[in-house]
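Order of writing sets the chain letters: A, B, C and D. Residues in each chain are counted from 1.
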């Protein structure tokens, strides 16, 4: 996986059902704006609020609609369900599996290593590690990432720690392997590319896919300064749709852009009027920005 | 729910399957030691490592085998799956549902309140709140507990915060209601009963059911001092099977007692030899203690 | 040290100077309400906002005015200043030194053990350990407390963790020694006394000294139930003057009672009008309560 | 302040006294290796383990010996001592004051803003904000940094959060002002310079001053790629002397290079043999690296 892959939100109807039609529209909406691959059932998808069947169907729908590769989120706190979901993603035609560090229970680094090795041994799909301490309270150590990268079926990682220092260390620890190091924080896309990152899986790419894609394009064209300057224009919006207002903020911002984001699912609550206005103002600035591309 | 209810571990075979026969044996083993109710699919059950179907079957098996009331863990990060699991528990004949605070995503107290009200509105079973910040990073505020206790279908709470201060405040906030305040930390069972607690749902009650039941019996008989003195004898074992070594430690200690605890499931790893010896020594002390009842 | 010892606030003038006269008045105010000892320069004193000289003078003033024993806070992140302040407290006539776990830098448990041994070796005053994780992010482990209790110059501990489980374990770990285990959380005074605590060093005892003293008196008289019932009446006020509004809330509540609390020192800011009203309402309830003693 | 400024360690004798001669040697040692300014009494100096007098003398010594500007750490949990230390630093001839966010007590962002404004109003030296959440548990918000940057006596900031995302946002929030944004994490020096940073105040610059200076020089010369590549070679050493082994590790690594680092002060303990060997190996790699400049 290279370039920009949005961790797709899942549009829900007002009643809380998965809105398949809107999901298909969303695939088209982001593809039309230049993304390189798609990531259904990541954290931004509210996957943890869906049943296993719903998650499998979301992957199926996205694979069916997509014209770019699909990296499907299949991780779960337990190994068995992780493998089941990975098999269903493989059956649906996904290209690779994004496997989050097992959460809820606390595990040692040794247990995490054994877990990933065992999952990679049996997974029918190439495995991408996924480290997102804001949700799981655990960050994969670069040394551990280095050891896991030598497994033939571990192909990369999404690092959502936000730490460029850790990103650089993971890059060094995996330098001998063919390993796609993807960044999961839109605020540091350009620095991560500077550090040898293969691309980004960014909440931001749901609401501003063309802008994220442009940062990647500028970087690949060798214009690092322009890539960083454009990325800097996106940091306030990025923060608002992640740390500040989370998925409800992301979906509100997407709706402000006209994207088929749908509703949130309980326990998520829609953002209030004041937050929505703040997001709309950030989206207005974004529209001005992307109109210049 | 009053008295002592063990949050039953789930025995797995060496291959990681749910061991139904051992689970039935376990129900008999704890019931023979005087517990008052059973709690399948709580945190100690490794519920988060099971599929929804497996969890539903565990509840069915326990209900089928039990001769005491069953409080079934049915909570999930999302409302939809929580309600599905609650319905399945109701169909199986469980008496009430234990609903953990939704985890993974971070929610405001307002969102938590809306969530519990909405779950309680639709739940076919009486709802018990479940607050376990060690796993979820969120503690239910006593004021919020007070407001939720006025809902006709919210019947109680398991408080695993370990804080007697919070327990007392929750007791005061719910004093007008018929509300079973259960403590979830074996180290503070006696102080929680002193504070008006209805009982305890304790990992400790998996390995030392007769000891936990004796603390409760002594307290109900008015001998608070003896209850506290006995509880004090259990604090090191309690810590070892919870904060220190977690579920793998709990299962190892149970096996040392001859209880049908079974294996852990991945990503959990069995404890090492040194830890097992420490646990065996604590169990030896327990055997001496309970032989005196 | 036995019974109730208020960790005295330090009254500051509007200009931020230590108000010696008010401090002397405060000593009289709390002594008149039945406290057993005094604790100047604890966390509630804003000691960390004072210079070393100011802290030494506060101890001198309190010792000079007191007619009960004085446990002086002398701890500092570094060993050298801790010993200097302890010597000054000894020169002033304090009876013992309260030594907080060294904060700011992160230390291993081995380093903490070496630190306390070295301080106790040289301290001219008996040393009381002080564990307050809300401020320092580190809690003294009961096993470590047990080892330190065997040092001839370590006489006790103030445990402000709020955990009765840890309190019971520390009590057991120090059972062979003459060791005063004092609780630092007003919400769990009665349970701590039930667990064998020697008394309490409580922010609450600044604003409600007679109520804290009455909990202790009831407990010593063997009426545990009445002690707990009275303690339960104090939990909301206690929370308001600690976790909720901290020292500015404590001083505002004291002023509402007519106690000579003085102003806070920068960076502390006075509480706003809404908080002040909430505190006044809690103090009104307290006045009703204590009028019944 | 521009370029590289080492937050100087304070050499202590084996007895724990400040070793003035070694401190003077250290100033010479780092200046000979090309640093641009000096920072006595930052976190790496063990300032929190020194008395106020010792800290003032350390600043005096460094100013007296230095031939480059001096940014003196003068912050304290309380405003009064912060101002006293700032005045002493001004008297000694320091060029600016580095003022850490007040720690120990927890303050709201409003209280932090009022504190910094009040300190800047009265400070005889230009004030640099200092945010180091690893020690203080609070990070200065970029919006707050932006507001404070408009104060005439606030000239810059040391950001040791490690977050390039926050660094970029602070850069944007202070873009209208003459404001030196310095990075405090050696692992992200190059990305911080890419983001418009004025330089770095880096523990790493105590042990590898010439390497940090070379990263800065390469960047200023327009060779961003070489700057980043060199920075990447330093990340493992940087981590070892900061998050991994802290000040004791830093001093051990410096001694391995032959720098006059001296001993640590209690409660710090020297690193063990295994850690020392790991550090020596990292220093060997560093020597090879710098021999190529």
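The definition used in the following text is that a contact is a pair of C-beta atoms (placed from the backbone, for glycine too) under 8 Å apart; a residue touches a chain by one contact, two chains touch by 3 or more.
Quantities reported herein were computed from a predicted structural model and do not represent experimental measurements.
Student: Steps needed, at minimum, to get from subunit B to subunit D via touching chains?
Tutor: Steps on the shortest route: 2.
Student: So which one's got more C-beta contacts, B-C or C-D?
Tutor: C-D
Student: From the C-alpha centres, identify the chain that is farthest from subunit D.
Tutor: Using the mean of the C-alpha atoms as each chain's centre, the farthest one from subunit D is B.
Student: Are the interface residues of subunit A and subunit B largely the same numbers on each copy, more than half shared, or largely different?
Tutor: Interface between subunit A and subunit B is built from largely the same residues.
Student: Please compute the C-alpha centroid of subunit A, do the same for subunit C, then give the distance between them in whole Å.
Tutor: The computed centroid separation for subunit A versus subunit C comes out at 49 Å.
Student: Between subunit C and subunit D, what distance separates the C-alpha centroids? Give it in angstrom.
Tutor: Distance between chain centres, rounded to whole Å: 35 Å.
Student: Would you pick out the residues of subunit A that each touch at least 2 other chains?
Tutor: If we look for residues of subunit A contacting two or more partner chains, we find none.
Student: Please list each pair of chains that are touching.
Tutor: A-B, A-D, B-C, C-D
Student: Sort out for me which residues of subunit C touch subunit D in the complex.
Tutor: Result: residues 16, 46, 48-52, 77-81, 84, 102-108, 110-112, 114-115, 118, 135, 137, 246-247, 265-269 of subunit C touch subunit D.
Student: What does subunit D use to touch subunit A in their complex?
Tutor: Going through subunit D, the ones touching subunit A are 162-165, 168-169, 171-172, 185, 187-188, 191, 194-195, 224, 228, 231-232, 235-236, 238-239.
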